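Order as written gives the chain letters A, B, C and D; numbering starts at 1 within each chain.
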Amino acid sequence: MAYTVNYSVIPLTHSGGHVGDLVAKVVDRVEKSGLEYRLTAMGTQIEGDLDEVLDLVKECERLVEADSDRFYTVLTMDYQKGKGGALSAKVQSVEDRLGHTLNK
Amino acid sequence: MAYTVNYSVIPLTHSGGHVGDLVAKVVDRVEKSGLEYRLTAMGTQIEGDLDEVLDLVKECERLVEADSDRFYTVLTMDYQKGKGGALSAKVQSVEDRLGHTLNK
Amino acid sequence: MAYTVNYSVIPLTHSGGHVGDLVAKVVDRVEKSGLEYRLTAMGTQIEGDLDEVLDLVKECERLVEADSDRFYTVLTMDYQKGKGGALSAKVQSVEDRLGHTLNK
Amino acid sequence: MAYTVNYSVIPLTHSGGHVGDLVAKVVDRVEKSGLEYRLTAMGTQIEGDLDEVLDLVKECERLVEADSDRFYTVLTMDYQKGKGGALSAKVQSVEDRLGHTLNK
């Protein structure tokens, strides 16, 4: 569970419907993976080990490949040996330091 | 308000205390800017026009420069002409398409 | 000169011609800035201090705003206090360690 | 060969020697993969299909995991259906549009 990632896909072309449909398909796939995730305006944040995360990214890329001839992906990954629960812990640690809750 | 960005700073060195203190200083600066923001595990997401966003990033970078000799920054920016409120709207549009609320 | 950045813009819409024309306009603007730069397949890499780099990014974003209603930007920034010439030095340091030249 | 990616790893901790040694180990692994690559100051750019690229990223992450307890990765991916050779072609297309060679 050492990885926390932010995964965002930007389709430049899309074979049918609205680009948002394709993004929703990807988020649906992440939700069904069973991994801990958070949907944000700038990507879907996911927790898991290396195989879990990259295998899920691979499946999502295949989904988008099926509907788009040109798309861009940004994946940022934060590895912390032996740590899980970073999706909540990283936010909590900032709130603890500032002594109040923040917009989340 | 056409920009929605995700801003994350990764200090490799830090002159005192814990790296988390430096990240908290940056989030504090964002909060005090008055711009719409969301704190997430993989960066702080901010809404604003180009000047507002890049001027705030510049101030935050100066804060980090004062405490770190080597740091890395990742800034992703989503521009939508004439649109504001994307921090909520982009998440809402996925939930509407999937017909249920998601982890946020 | 402490910043080395990779700047890439991904237009999702474009009012005329080919998306490549818009990318070429941005690279042209970077070239005319007089800052040290390298054009790569995944972005234009630029060296400068914070004001030089972010002011140039702001100008380029304005250029793209004039021709596109929706675009995505990825800016990664590597800050090294007191260091210049990193566009060459960072590559050279890897080649020195591996003891041979690499594809550049 | 439809993917062109930029892969950069930022070790925050490193068990021995200099962080540059760890980066050199990763670049060495990429070079030995046989995939088309370019070393740049802000990441190693690689061409391949989805399995080739993500499997290589997985191997490199394992290399870094062995020497670092905390590191950050930024992976940007440009998918163009049916296209190979983008490491050169994307740069060439900008030079053709501007009518002269650029710093590469």
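As a convention for this text, a residue touches a chain if its C-beta (ideal position, glycine included) is under 8 Å from a C-beta of that chain, and two chains touch if they have at least 3 such contacts.
Protein names from UniProt, one per chain: A, B, C, D = MTH1187 family thiamine-binding protein.
Values in this document were obtained by computation on a predicted structure and should not be read as measured data.
For the pairs A-B and A-C, the larger set of C-beta contacts lies at A-B. Taking the mean of the C-alpha atoms as each chain's centre, chain A and chain B sit 16 Å apart.
Chain geometry summary: the mean Cα position of chain A and that of chain D are 21 Å apart.
Each chain gets a centre from the mean of its Cα atoms; for chain A and chain C, those two points are 26 Å apart. Of all residues in chain D, those touching 2 or more other chains are 72, 74, 76, 78, listed in ascending order. Taken chain by chain, the contacts link every pair, so each chain touches all the others.
Of all residues in chain C, those touching chain D in their complex are 4-6, 8, 20-21, 23-24, 27-28, 31, 36-43, 45, 74, 76, 78, 86-91, 93-95, 97-98, 102-104. The touching residues of chain A, when paired with chain D in their complex, are 2, 50-51, 54, 57-58, 61-62, 64-65, 68-82. Chain B makes touch with chain D in their complex at residues 10, 12, 19, 72, 74.
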